[in-house]
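Two complexes are shown next, each including subunit A; its partner changes from subunit B in the first to subunit C in the second.
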Partner chain A sequence: MSDQTHMPAGHDLAPGDEEQHSVGERVLGYVVGLGLALILTATSFFIAGTDLVWQPSIPVALIVLAIAQMGVHLVFFLHITTGPDNTNNVLALAFGLLVVFLVVGGTVWIMSHLNQNMPPMDDFIRMHS
Partner chain B sequence: MQAVPTLEALMLGKLDWSAIPFDQPIPLIAGGVVLVAILAVLIWVVVKGHLPYLWHEWITSVDHKRIGVMYILLASVMLLRGGSDAIMMRIQQAIAYQSQGYLPPEHYNQIFSAHGTIMIFFVAMPFVIGLMNLVVPLQLGVRDVAFPTLNSVGFWLTATGALLVNLSLVIGEFARTGWLAFPPLSELSYSPGVGVDYYAWSLQISGVGTLVAGINLVTTVLKLRTKGMNYLRMPMFCWTTLASNLLIVAAFPILTATLAMLLLDRYLGFHFFTNEAGGNVMMFMNLIWAWGHPEVYILVLPAFGIFSEVVSTFSGKALFGYRSMVLATMAICVISFMVWLHHFFTMGAGPDVNAIFGIASMIIAVPTGVKIYNWLFTMYGGRIRFATPMLWAVGFMVTFIIGGLTGVLVAVPPADFMLHNSMFLVAHFHNVIIGGVLFGAFAGFEYWFPKAFGFRLDERWGKLAFWFTFTGFWITFVPLYAAGMLGMTRRLQHYNVAEWRPWMIVAAIGMAVLSIGVICQIMQLVVSIRNREALRDRTGDPWDGRSLEWATSSPPPVFNFAFHPDVRGEDAYWDMKIAAQQQSLEHDVPEYQDIEMPRNSPTGFVCAFFATIMGFALIWHIWWMVILGGIGAFATFVVFAWRDHDEYVIPAAEVAAIDRVNLEERRSLVSMAGAI
Partner chain C sequence: MSMTATAGRAHADPHHIGLVIEHPGPAPKRTVTAYGFWVFLLSDIVMFSCFFAAYAVLVNQTADGPKGSEIFEQRNVAIETVCLLLSSFTCGMASIAADVRNRFWFYLGMAVTCVLGLIFLAIEFREFADLVSRGYGPSRSAFLSAFFSLVGCHGLHVSAGVLWLLTMMAQVFAKGFRADVLRRMMCFALFWHALDIIWVGVFSVVYLLGGGA
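Right after this comes the complex of A and B.
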C-alpha cells in the first residue's frame, strides 16, 4: 500500500471494474458464473424435495449451497478477486460481513435473553387474578 | 359496507383546516414570523436580482465547497430552531413546580421530541457532513468529491427533511413520542395524529440524503487522493471522515429499515412493533439503537478529527502518535457496533448480556482516552496560540473528559438501573454531544471559515462566544446531573418535588448565559462580514497550517488546485513550506493545463422538490400527489442519467491567471519568513 500512488483521474478503476480483458474472456467469465449459479440453484431445489439424502442434513446442505451461491455472485458478477486494485472491495465486504454478523448475531442473542429478568408470565397472571 | 370516499378525502387526504393550530398561539406566531421572514428574504432576493446568481452559483452548484457551506448554513439555522426549543423547555421546567407552567403537555411533548430530532438529524449531522464536504477534498489534494451531482442530491434531500419537520409547526403537529419514537406509543392506536408520520417521513427522506453523502465521502477518501497521498499520510480529519462515513453506510440502512417497519405498522396495519398480533416492541428498541449508537460515533469522530487538526496547527507541532490515532479511530469504528444494548440495560435482558455490553461500553473509552492523551502530548512542548479554534479544542477536552467519565459510570449496569431515563442521563449525553460534537463543529467553523470565504472571523467576538457558551453550558448541565441524582426523570412537563426546583432555576439561568454565547456567535459573523477587508486572507494560509487545504488560495478556485500537489510525507503543506524556505526560490512559470470540471446540475434541487411533495402527500394520505411526486423524482433521475455534456473545460490561460495571483502572495510570504 505504501508506494502505490493514486492518480485522481486516468488510471483509477471504479469499484467492480477490472483491467482490460478481451470481450471473449469477459463473456466466458459471465457464462461460467451463470452456469455455476444455475447448478447451485437447481441443486438447492432438488435437495429440498428429495428423500435420497439423510433428512436432517437438508437444512445444513441448503445453508452451504446458499453461501456457495453468494460466493459465485461475488466472484463472477461483482468481481471480488484477489487482484491488487481489489483491496478496497475485499475490505468493504469484510467490514459489511462483520457488521451484519454483529447486528444479526447480537439481535438474536439479545432478543432471546429479553425475558430473563421477567417473572414467568403464568405466575404473573396468577398473581393478579 | 365500505363507505365511498368523498371527493375532498380523495383530493386532500386527511388535510383540512383543523390542521392549522389556530387555538395555539405559540406555534402559530412562531410559524407566522418565520414565514414572513422567509417571504421577506425571497422578495429581497428577487427584487435585487440575486435569483440568477443564487440559482447558478449555489442551488445548482455541484462544487463540494459550495455544498459544504450550504450544509453548514442549514445546520446553523436549525441550531437556532432547536435552541429555541431548548430555551422553552428550560423555562417550562423552571416554572412548572406544582403548576402547569406555560406549555400544555401535548405542546411540551412535541417540543422535546422536535428538539432531539432537529439537534441530531438537522444540526449535528449537516454540520459535520458540511465540514467534511468542504475540507476533505482539499486535504486530499483533489478537485472534487467522487460523485459531485450525487453530493448535491444528498444535500437537498437533507434540506427536504428539515423543511418537513418545520412544516409540522404550522400544518398539523409533530411527534409527541421523544426523538426516537418508541412504540407502542408511536403506533397508530396511541398516536393517531400526523406527528409520527412527519417524524418518520422526514427522517426517511433525509436518511437517503445522509446515506448518499456517506457513500460519496467513503469513495472520495478511498479512491481520490493526490500523488503520494497514501493512507498513512492522510490528515487525521480524513481518517475520521473515512471511519465516520463507513459507519453511515453500515448504520443508516438499519434506521431506514426500522422506520419502514414502523410505517408499515401505521399505514398498512402490519404488526412489527404492536402489542397485539405477535408484534414485539423490544425489537424496535434493539434495531433503533443498533443504528443509534453508531450514530453517536458518526457525529463525534469527525469532531475528533477537527480537534486533531486544530491542536496540531495551533501547537505548531505534528500530531503526537499519528499511527495510534489512526488505530484508535478505526477501533472506535468497529467497537461502536458492539455496545448498543447499553441504551436498554433495564429492559429485561439477563446478566450475561448486560455484563458483556457493559464491558464493551467501557472498553470504547480506551481508544478515546488514547486520543485525549495524544492531543495533550501534541500540546506538550508546543508553542500554543490560543486563537478561537484552539479555545474550543481545549474547552472540548475538559468538557468531554467529564462527559466521558459519567458515560463510563452509566455503562455499569447496576448504576444504570438507578440512572436510566433520569436527568443524569440527559446531562451525560448533552455533556458529550455539546462538549464533543458542537464544540468540534464550532472549532471547525472558526478554523476553516477563512478558507471558505477568504477572510478571518473576528477574534474578540469569537472568544466572547466561546466563554459564554462554555460557562453557560456548565451552569445549565451540572444542575441536571444533580437533579438526576435526586431522582428527577427526564421529559417532565411539571413536578411536585421541592428539592428539584432550585436546580431547574439554575439550569434556566445557565441557558440564558448559553444564549448570550449564541448571540456573540451571530455578532461575530456580522462584525467579521463588515470588516472583511481588514480581515482578508490573501495568502490562503492564515493559521500557518500543515495540511493541503492551506496550499491553495482562500477561497479556493473552483478547481481547488492548478496542479495536483505531490505529497512526500505527513503534514504535506508544512513540508512544502520548509522545503521552499530552505531552497532558493525558483521563479519559473509552471506549465498550466486545461482542467475539466463537472457542470452544474439542478438534479438535486428538482429531486428534493418532488421528494418534498411526496413526503408531504404521504404524511397527509394524499395518494394522487404521492404518485405525482414519485414520477417527478424518477423522471428527474432519467433526464440526469441521459445527459450528454457533464463536464466543461477551464482553459489553461484562465487557470494560469487565477493561480498566479495566489502564487505571488504565497511566494512573498515564504521569502519574508525566509528572511527572518
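Right after this comes the complex of A and C.
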C-alpha cells in the first residue's frame, strides 16, 4: 500500500457554511458584505433619479449594479466560493442561472418578435369590427 | 470497482496514473440537508424568473391605466430595501450566534430580523392597499396583474419567512441548540438571504427601471 497515491477527498461544504473561521472574522465578512451592498443599493437609487449621467445608459447601469449586488450577497452572505469544497454548490447555482437566463431571455426574445410579426392590436380590432 | 481490486492494480501502475481515492463515506447530514435546500432555493428562483419574464412582457400593457412611474414611490422602496438588507445582516449575526451557541445574541439577532421583516411587510401591504383603494388593483391592467403577482409572491415568501423565523426562536427556546435545530436554522438563513437576492432583482427591475420610464 505504501506506493499508492492517496487523495484524501475532503468533504464538501454545505451552502451557507464557511470554512473554519473565528467569530470575529465571520462577523467582519458580514459587515463587509453589508457595506458593499449598501453602497451598490445607494448607487442604484441615485442613478435612477439623476440627470447627471447619460440617460440611455441608466437601464444598463441598473442591471449591472443589480447583478453586482447579487454577487456580493452570494459571496458574503451565502458564502459561495470557488473552492473545491464548494463545487457542488457552484454547479447547482450555474444550472439554476442557466434556466433563469433561458426563461427570461427566451421569453423576452420571443414575445418581442411576436409583437413585431403581428399587426398592431388596434388595427386588428378595427378590421374585424 | 471495489477498493481491493484498485489496490491490487497499484503494482501494475508504478507511475500512479490511476489515483486511488480514499472514499470518506457519505457526507455529513448538515451538508446533505443544506445542499437539498440549496437546490430548492434555486428552483424557487427559477419560479421567480417566470414572474419576472411575465412582468417584462406585460410592463407596457397598461390598458390606459397608470404606468409604473405614476404609482411607484421611490422613498418607500428605499426604506423597504434598507430594511431587508439590514435584516439579512442581522440574520447572519443570528446564525453565527447559533453556531457558537450564544442564546442572547441569537434571540437578539432573530428579533431584530423579525421586526425589520415586519416593517417591510407593513410598507408593502400599505402600498398594495393604497393602490387597490385608488382602483388600481390587479384586475385593472395586465401590467398591474404582473406587478401584483411578482411583488406579492415575494411578499408571501417574506411572510412565510417571518413565520419560520418565529418557529426557529421557539424551537431554540424549547429544545436548545440541538443538531437538527441548527440544521433548520441554517436552512432558514439560506432562505432569508435568497429572499434578499430576489428583492434586489425586484427593486431594480420593477421599481427603478419602471419608475424612470
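Quick note on the criterion: the second predicted complex is superposed on the first by the 97 of 129 C-alpha atoms of A that agree within 3 Å, B and C clash if a C-alpha of one lies under 4 Å from a C-alpha of the other, contacts with A are read in each partner's own complex, and residues count from 1 in each chain.
Keep this in mind: a residue touches a chain if its C-beta (ideal position, glycine included) is under 8 Å from a C-beta of that chain, and two chains touch if they have at least 3 such contacts.
As the structure is a computational prediction, the values presented were derived from the model and not from experiment.
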>> One more residue to check, A:Met111. First (subunit B), second (subunit C), both or neither?
In response: both
> So, A:Gly96: does it touch subunit B (first), subunit C (second), both, or neither?
Replying inline: both
>> Looking only at subunit A, is it subunit B or subunit C that touches more of its residues?
In response: C
> Of the two partner chains, subunit B (first) and subunit C (second), which one does A:Phe46 touch, if any: first, second, both, or neither?
Replying inline: neither
> After superposition on the shared chain, which partner residues are touched by A:Asn88: those of subunit B (first), subunit C (second), both, or neither?
Replying inline: both
> Common interface residues of subunit A with subunit B and subunit C?
Replying inline: 1, 3-8, 12, 14-15, 88, 95-96, 99, 103, 107, 111
> Which bits of subunit A are touching subunit B when the two form their complex?
Replying inline: 1-8, 12, 14-15, 88, 95-96, 98-99, 102-103, 106-107, 109-111, 113-118
> Residues of subunit A touching subunit C in their complex?
Replying inline: 1, 3-17, 23, 26-27, 30-31, 33-34, 37-38, 41, 44-45, 48-49, 58-59, 62-63, 65-66, 69-70, 73-74, 77-78, 88-89, 92-93, 95-96, 99-100, 103-104, 107-108, 111
> So in the complex, which bits of subunit C are touching subunit A?
Replying inline: 7, 10-11, 14, 16, 19-24, 27-28, 30-31, 33-35, 37-39, 42-43, 45-46, 49-50, 52-54, 56-57, 74, 78, 81-82, 85-86, 88-89, 92-93, 95-96, 100, 186, 189-190, 193-194, 196-197, 200-201, 203-205, 208-209, 211-212
>> For the complex, give me every residue of subunit B touching subunit A.
In response: 142-143, 219, 222-232, 246, 250, 254, 280, 282-283, 286-287, 290, 334, 337-338, 340-341, 347-353, 564
